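Have a look at the structure below before the remarks.
As written, the chain order gives the labels A, B, C and D, with residue 1 at the start of each chain.
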Amino acid sequence: MERTLGEIECSFTQQLHQWTEQFRPYSAQGKCAAYIPALAEANPEHLGVCIAHPNGQVMKAGEWDIPFTMQSISKVIGFMAACSVCGMEEVLNRVDVEPTGDAFNSIIRLEAHKPGKPFNPMINAGAITVSSLLPGKEPADKLEPILSLLEKILGKRPLVNENVFKSEWETAYLNRSLAYYLKQNGFLAAGVEEALEVYSRQCSIQVTAEDLAKISLVIADDGFDPFQGKQMIPRRITKVTKALMLTCGMYNASGKLAAFVGVPAKSGVSGGIMAAIPPRGRRGAPFQEGGGIGIYGPAIDQVGNSVSGLMVLKDMAEHWDLNIF
Amino acid sequence: MERTLGEIECSFTQQLHQWTEQFRPYSAQGKCAAYIPALAEANPEHLGVCIAHPNGQVMKAGEWDIPFTMQSISKVIGFMAACSVCGMEEVLNRVDVEPTGDAFNSIIRLEAHKPGKPFNPMINAGAITVSSLLPGKEPADKLEPILSLLEKILGKRPLVNENVFKSEWETAYLNRSLAYYLKQNGFLAAGVEEALEVYSRQCSIQVTAEDLAKISLVIADDGFDPFQGKQMIPRRITKVTKALMLTCGMYNASGKLAAFVGVPAKSGVSGGIMAAIPPRGRRGAPFQEGGGIGIYGPAIDQVGNSVSGLMVLKDMAEHWDLNIF
Amino acid sequence: MERTLGEIECSFTQQLHQWTEQFRPYSAQGKCAAYIPALAEANPEHLGVCIAHPNGQVMKAGEWDIPFTMQSISKVIGFMAACSVCGMEEVLNRVDVEPTGDAFNSIIRLEAHKPGKPFNPMINAGAITVSSLLPGKEPADKLEPILSLLEKILGKRPLVNENVFKSEWETAYLNRSLAYYLKQNGFLAAGVEEALEVYSRQCSIQVTAEDLAKISLVIADDGFDPFQGKQMIPRRITKVTKALMLTCGMYNASGKLAAFVGVPAKSGVSGGIMAAIPPRGRRGAPFQEGGGIGIYGPAIDQVGNSVSGLMVLKDMAEHWDLNIF
Amino acid sequence: MERTLGEIECSFTQQLHQWTEQFRPYSAQGKCAAYIPALAEANPEHLGVCIAHPNGQVMKAGEWDIPFTMQSISKVIGFMAACSVCGMEEVLNRVDVEPTGDAFNSIIRLEAHKPGKPFNPMINAGAITVSSLLPGKEPADKLEPILSLLEKILGKRPLVNENVFKSEWETAYLNRSLAYYLKQNGFLAAGVEEALEVYSRQCSIQVTAEDLAKISLVIADDGFDPFQGKQMIPRRITKVTKALMLTCGMYNASGKLAAFVGVPAKSGVSGGIMAAIPPRGRRGAPFQEGGGIGIYGPAIDQVGNSVSGLMVLKDMAEHWDLNIF
């Protein structure tokens, strides 16, 4: 006898609950990011997990409704927004799609590899370049396509946490260094201050784990939003985006996520993880038609990834056979 | 009215033929590798393409039966063989799984990133380390698990091209440099000369495009060989292998293959490409249950990948919707 | 019969004239720096040479009175001024004295060598750090010790070429990148903009070849100005300065100057060379008691050194046995 | 009343004795090199100091007669021997004269700076290249010019410590890595094994502090041996050699030695220091006509320089005004 949709959903939610309880204690192995006060004040024991199913259900557990800033996860949105409004070729003229193995804030490669084109949009140098490309002169204009894209998907305009933005802005010495280097080499398409303001603001956009699940469901489903029945992002852009998430999404542990989890995912130092399950499951698998995962666990490891969040994602991929390989 | 299996196969084969004809002329944009005579003597206009279907069919076109040496493609076999006989943990103690963005023969990272662990088994430093780990003292003993694995899958023992091996062996200055560096840092599990002989011999193993298609079908199908109905390689090892192929398999163009083709693939400077289609196609797609691709086109581009071969692979992925993202 | 002082001076001057005539044509092998208009407009055929003798004579030839901006030569003055007013220990806490072999504007080492202390004050990263250390809040205050030191030696306050400063300031992307990187790592003792303004202004100080000869005579003579009979700079500081000029003064050709010329010298992209002859000549040598050399030849080679100027310096060192080794 | 030569010598010797007593206890701040047994077994409290005066006197104190292997000090002899027999131009075609700031055994620069020419003959890559250039096929032939040069100066043929050689030879993984890299790039003029054997043997040549003083006196005096009244090495070669000692002779502390001591010197991990005082002292200074210094103190610091030896050299330079700047 087949189970009803409600029963299935219920069993998924129970599973999520179990994971949050099981992995929450491991947060103690990590620490909240401390380079700006707002991040340091997060509750390290929080762990929220959401999964959005293409049938319209969003299963939730733990602190799924705690708002936090996107940080590096915004690089995914920035890339998709820039490709959508400027054309992907224009974006790829200024940023490559190769993983590096370097730290997210490394500058060495910009000097060592002529002509200094940033290697991919998931490291800071690449993301700042992408921000510089967005149309408009004022930072607010440039930010608009990012906020619009999120608004279209989430049905509400996300907030920029001004407090976090201000802190980021004032301490962004390394990003300024990267931006001036890019400017020198001709890769920045705007003034350094404008590009950095856009980048710092996009990092400060506030979301919840639920929001991430909804966004990643759209990415997973090749840009189609099953809730609203609309194509939100061109299919081709989301394919490249998922590849970038898999190859470069988890800082210096990207390769390990690809090898041992096998789900395209992007993390941020605020403790968020956004993972997209392509609609290519094996016959009979629960998320055969794809899905979106949003996780929030602010205690991060040395590489910058949520400790408990990564554990949930790994178990989830095994339990539901989500590994794309 | 449904088409018969024979009709389907026939249409696939026709398609392969069309591709070989269409892309063969582009070989002129590349050049055969010239660092050893045997490679330089290949016919740059050759283009062979095979695709193995889990139902037992192997479709073929062009010069699918020309033998060539595996070169870097052997890194995939070496990694799987070492993980199978030594345990994956033992292998991963000595080699990481992170992509680098560096050239395949780069040594910089071994010095710059303490303690000098090679970043992944698809670059030379990592592959030599893996070769050193294989059991046995003599190179012949160490090579055995690699040849055995291929023999099990192909039903015949592959030949080592002694001519190519000798040339490789005599000119392998850079690999020797890498190997001694690894030895210094304690990552090599055998003598330098032994490890290098194994590595050079495995690079000199001779295959055809058909062989590559059969091998990659097994990798694609999580280690199960549908022809013989047997598990050849542990599932977990093939998952990691496919992830490594996707993130690091195509030299410095690995990221671009992931982004624009989306199929785990490994290339060699002899012009071979081996690509594995995970059994995760969308409902109704022709290779929904997976498949193995073998390509041979000896004219390579500056990065080291077959020019015409890459074009076929790209078209194939689009035409049959093979992109895993 | 001994020659009179006047006769000797006359013979020196004749020699200088001969050199300017002999080497001026070689300017055609170089090009004026072109990154800002004011430098590009220099006359590439100019060649001025001065040598100051501790007995009070300054011999001159060619375009010895053409004013030009100090550019990198100002790094020497900035270092001595900072050591004089802050104490050498304080300065050496923030900048090392090791040559690098890297380009003057390289950033790689700041990331690759923890904790990112600049390797020496003759590369841009080190010089900007030194500028940041000077006392005072406003750039004008910080610049004061540099201008004062020059005024004391030259007997006139040198001008800052506002035109050049403005151009430098507006195009200083790479220096900004370096400065923000230094700020991030805690080596900058002032705000980035303040430090950069001081550095850009000091680069824009205008001098002639004669001025350089007078300044370097003081450096050569351990800080003592034989013209005015006064100690201008502490002896210890000038020893370190001469060592830095010899090991790091001529960009990536510093080692070659030490090996084949053997005189402490500092060059700038405007075509100036300032060389100090320590008072340690062999008995009977003409500049046994030391001397100061100022050269101006705006056509520079690929490394950044004056083509004709370097030729004069080399011949001079051989002819008068100035090599300190 | 003038002091007699004997009185002067006596006072110098007393001064040397005082230094050995004063600085010997600081050996405890260092440690004997431990990578091969023979070095680890040295007595860390040993401190021997010799100074050779051009008038034929050799003043001695402490353990001046303990034999030890030259190690990196042999790079100086190898360079002079190769320049003498092959011509300096030939040598400089294959090795540059620029300091690097990198560790003596670093390989990064060989890859990062095309075409991979070693930066100077005082780092391992450069020294191995120089060894490869020596005439003859067999290592013994190649070593001959080095041994001959030493024999001519010392009046006895120095021994190669076979025990040390064997240990060096067996553990020289990093040098092998460097040598194969150089071979790959075409800079090695002999087989890798031959070049390495020459280099390892020259490192194992046994000397005393007294020998070093005699050798460096010849280098100091532009190749002239005042004891034998003969030109031993062409003047031009010794000029370049002294410049290389000053800019690159003390590993990563070369710049600091130039800045704070100011005497061309080369150290080895066995604890030797060989310093050459150019005959350019100020009038009235004790070593106005030059001199040679030999020091042995096997406890080395983290950079690789003798702890107590460096202290003696520094005090000596200050006390006798030896700083060349």
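Everything below uses one rule, namely that contacts are C-beta pairs under 8 Å (C-beta built on N, C-alpha and C of every residue); 3 or more make two chains touch, one makes a residue touch a chain.
Source: prediction; values computed, not measured.
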Set of chains adjacent to chain A and to chain D: B, C
Hey, what chains does chain B share as contacts with chain C? A, D
Cα superposition of chain C on its sequence copy chain D - rotation in ° rounded to nearest 5: 180
Taking each chain's mean CA coordinate, chain A and chain B are separated, in whole Å, by 31
Approximate Å spacing (C-alpha centroids) for the pair chain B, chain D: 50
Contacts with two or more other chains, residues of chain C listed in rising order: 112
Pairwise touch list, complete, is A-B, A-C, B-D, C-D
Considering only the defined contacts, which chain D positions touch chain C in the complex? 96-102, 109, 119-120, 238-240, 242-244, 246-248, 252-256, 258-260, 262, 264, 278-282, 323-325
Looking at the complex, which residues from chain A come into contact with chain C? 106-108, 110-112, 173-174, 176-181, 183-184, 192
